[in-house]
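Working notes, beginning with the structure itself.
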Amino acid sequence: MTAPTLGAALCRFVAVPSAAIAALVFAAMVAAALAAPWIAPQDPYDLRSVSILDNLLPPGEVAFDGTPYILGTDGQGRDMLSAMLYGLRISLLVGLASGVIALAVGTLVGLVAAFRGGWVDALLMRIVDLQLSLPTILVALILLVILGRGIENIIFALVVVQWAWFARTVRGVALVENARDYVDAARGLRLPPLRILFRHILPNCLPVLLVVATIQMAQAISLEATLSFLGLGLPPTRPSLGLLIANGFDYLQSGRWRISVLPGVVLLVLIVSVNVLGDRLRETLNPHLRG
Amino acid sequence: MVEFILRRVLQAILVLFVMTVLVFFGVHVIGNPIDLFVSSECTKACVDAIMANLGLDRPVWEQYLIFLGNLMAGDLGNSFTFGVPAMSLIWERFPATLELATAALVIALVLGLPLSIHAGLYPDSPVSRAIMALSMLGFSVPIFWIGIILILTFSVRLGWFPAIGRGETVDVLGVPVSFLTLDGLHHLALPAITLSLIMLSTVIRLTRAGLREVLTSDYIRFARANGVRETRVIGWHAMKNILIPIVTVLGMEFGSVIAFAVVTESIFSWPGVGKMLIDAISVLDRPLILAYLIFVVTMFVVLNLIVDILYSVLDPRVGRSAR
Amino acid sequence: MTKLGMALAAVLALAAPLPALAQNVLTIGVRSEAATLDPHWTQLSADLQVQEHIFEHLVDLDSSSQPVPGLAVSWQPINDTTWEFKLREGVTWHDGEAFNADDVIYSFDRLKAGIEGATASPAFQLAKGGKSWVNIDDYTVHITTTGPYPTMAEDLAMIPMVAEHVVPGKTPSMDFNSGAAAIGTGPFMYQEFSPGNRIVVTRNPNGWGGDPGWDEVVFRPAGDDSARLAALLNGDVDMIDYPPTVDLPALRENADFVVSTISSDRLIYMMPGYRHMEPYITANDGSPMMNPLRDWRVRKALSLAINREAIRDRIMGGASLPARNIVPPGFFGHVDDLVADAYDPDAAKALLTEAGYGDGFRMTIHGSNDRYINDARILEAVAQFWTQIGVTTEVDAMPRAVFFSDLIRGGADGFPGFDSPKFSMALTGWGTVAGEATYTVSGILETCNAATGGGNGNFGRYSNPSIDSRSVLAKQTIDRDARLALLQEATRMAMEDYALIPIHFQVNSWAMRAGLEHRPRTNERTLAVEVSRTN
């Protein structure tokens, strides 16, 4: 079972329409989030441009400063479209940043464990097992209670609950690769161990890491939304999608459901697209499961 | 074998110890619970008297040593909110959480198995595609969001189910359960469905994938070639082989379902330990927060230990490689 | 899935028991559950509102928190330091025993001895003024203080009476929850206590106050605002407290439901910091600056910049009372001619310029996000208003678990260095539970002094000797007219100096199904005797 090259995988990857659509949707969302400061009609963080007197306006109304509220305003007078673009930005930032850091930490730990073996491996893997045996939401929740709110803290908490998945995955693949002939040959050539690690073993871990990373990212975004709902996530003036949904709960029964449902739909589309990508990645990169 | 178990138990105790240190000092840094409990007219002298009464005026390391001492004696202290031993509150409310999680598991299996078998057998049918799309959706939707939507739809719009609380209970072996009464089931339905969604998706995806793999294996082809009836091939030969991994994964997922009950219970005001934890956090009820965590972590450690022991009995290599 | 689910849903829906309205039961969905039935354990509103169905006080508070006869029929000072209380005769405990002065003495003694592990005991109300007590006969009690003590009746309205004969000696707290000691004199009797799920009390047929109107009252906790409202809408409960304010207008217009509201005793205000340098105030370029809030014109400008009507109409669902007072109308000490500042951003900017801050400055304001009604959203609105007059304002709203310790002492206990308030401008609230301004003036306007207990809620560290002298004198003045004059003078001085920036008095709301009528009370409690049927 050799892993296919990434180029070939990519071709097979987009052959399935659902995956191609998911990739497009995800790319569009990332682009929108990146461009938020330029395309959003309002800067929801600048309290000069947000007015409580404009709150709960229906879509199409015009702001006190003349800009139209395309999707209406929320309970604080924020333009819904702008708030969602900025919220998407935060949700993506939290998901990506925590994913990337967790991937780096986990990969390092996994490689060290696989390469060193012995007691180092045993100790690290016990820590990993322990981490994986505790439910993610509970660990993140307690960490946030202790650390307090704030975007750095939520990213930290999400890294803590994610890194072990990467570590375990990388170690598994690295152990298999380590035993292969070409690595033995490289050793025979007296190549430095670090070079073997980064040139030969790490590239072979990448496909499976990519799969884990997508799944973890979807979970991280969803977890952040849940923690914000429980009042432990981000400050209220800089809402993520999750916080926008939770803030909108109050308005669900008074007929202004869009305040909660619109960000909910965006969040759902985001998570589904990432999950579809992850699914397709796994099928493409792991022929064993294809079918 | 004995050595293996002993070592795992020692590890578990070490884990618990490290956790108590982190959480104990953690909750002490956040704030002073007395500031939340006393009336605003209570002067500094009055606050100091209450703190002294509770032992909160001592240095934090001394408080920790006292806590450890009491823990050894099996005493986790009295809740600041309820004034009764924290452990008694947990025992009182854990059955409700367990009942909710079990109901979610049952729903996930009863709905998930038939659906996933269909999807596994006829992967290209439109129904199967719909099932898989739904499972993807269920996997992706944050459950707090689904919970509130279910309340609005089935409770407010249609008026079919109550929105809050647990129904009438009957005692079974001294434990109050609500699934044996009609009123109890009625109250259980919405929160259990909400909580089951994550597991439902896991069941569907695992079973389908397992079934697809098993169906192409040699012994299934052999059974079919020998004229064994199709229902028996699927219902017996195939299922036998995929149920074991499913049960294992669900056993582990069950723990996270209990953890996710924190969210479900908060929305539906279900009187379980999860909602109690959220309430305890919001008023910094330190003994109750610590007792809950010690209880839950112990539960997970014991569950994992049992799984590990079973594995090492079934597969002697596991015990050896852990050495 | 859908077929089976629908079938299951239909079966369960048909089998659903009808709401138990026929049996004269009142079911109340409450935001916070009661945690204990020991009335000496706690002063939390959530606990007290359930306990007050069972236990009573010598002095009751009427719906605007003014003292009225309870288990005592009359009280008066018989000299400068002694109050005489005449007890109501013919009152019986729920188990049939007669109530007399021994029970009063027992209740006081139990509280004074201290309740093991109690976090919010009303013991300090009893200790205030150095009270001591003695029973003269079965129906007369004398309470002596070390000096003249005007607010005796208000204090005793906080001290519940428990029965001496129920558990001899020291009654443990747990006995109240199990029902063994939950024997009171109130209009309802203990039936079931399972906190988190339901608490049930039943009609006391022998109550001295007559028929309470309900055979049974059930309290069901529902912490999530949307779920609590849903429970009312679908008939799970007859009545809820704290309906989400955004839904108030719709509920008022809906003929199937009734909303009751009353101004509460809780003032919501912005508390400025008065230190020479404040950690959360900087010049526009981020450099440190002398605290501009020490100039009263800046404080006035900030007050004028707040649009209190907008907060009321846009955030509070119409339910708030814009304020420039420290106790609400109807309370002893309210100053009628002080009316809330009108929104005037231009005058605010002019004042800032006059004070030398025409270009504004930067400030971070703090507050809780789970303590007062819509607290974080009010904070955000205030930040908008202030930013719009040039004071660039950031918001940090946090859970009350973090907020209050930081507000009071800058951090948690047990660690060194936490002994001064942290914030430079915070949104906070003060409830005048006694219905009387003496301890409000003393608590939030007097100079903070741990030795005298003055200013224990003054976390901005405001200090004004003219207010101090009046506050100290008021605490010793028994003559009501003289005390009223002192309290009103102190209030007026504070308001004219903008010692704090009042926003509004919270208005509490309840929502119930049509056919019920509720006479709400200012102290936020939901009492079944105040709910009646109209049909």
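Letters A, B and C mark the chains as written, and numbering starts fresh at 1 in each.
Following the convention adopted for this analysis, a contact is a pair of C-beta atoms (placed from the backbone, for glycine too) under 8 Å apart; a residue touches a chain by one contact, two chains touch by 3 or more.
No experiment lies behind these values; they were computed from the predicted model shown.
Set against the C-alpha centre of chain C, every other chain centre is closer than that of A. Counting C-beta pairs in contact across A-C and across A-B gives the higher total for A-B. Chain B and chain C have centres, each the mean of its CA atoms, that are 37 Å apart. Centroid to centroid, with C-alpha atoms defining each point, chain A and chain C lie 43 Å apart. Chain centres here are Cα averages; for chain A and chain B they lie 24 Å apart.
Counting partner chains per residue, chain C shows two or more touched chains at residues 226, 230, 233, 370, 399, 402. Shared contact sites, meaning residues of chain B that touch two or more other chains, fall at 29-30, 148, 152, 156, 266, 281-282.
Counting only residues that touch two or more partner chains, chain A has 148, 231, 249, 252-253.
Of all residues in chain C, only 1, 4-5, 8-10, 12-13, 15-17, 29, 33, 35-36, 38, 41-44, 114, 117-122, 124-125, 127, 173-174, 177, 194-198, 220-224, 226-228, 230-231, 233-237, 370, 399-409, 411-415, 430-431, 433-434, 439, 443, 450, 453, 456-457 touch chain B in the complex they form.
Considering their complex, residues 11, 15, 22-23, 26-27, 29-30, 123, 136-137, 139-145, 148, 152, 156, 209, 212-213, 216, 255-256, 258-260, 262-263, 266, 278, 281-282, 289, 293, 296-297, 300-301, 304, 322 of chain B touch chain A.
Here chain C touches chain A in the complex through residues 225-226, 229-230, 233, 244, 246-247, 249-250, 307, 310-311, 314-315, 369-370, 376-377, 380-381, 383-385, 387-388, 393-399, 402, going by the rule given at the top.
Only residues 28-46, 49-51, 53-54, 56-60, 63, 78-84, 93, 96, 110-111, 115, 134, 148, 151-152, 154-156, 159-166, 182-183, 185-186, 189, 193, 266-269, 271, 275-276, 279, 281-284 of chain B touch chain C when the two sit together in their complex. On chain A, the positions that touch chain C within their shared complex are 47-48, 50-53, 55-56, 75-77, 148-149, 231-232, 235-237, 249-255.
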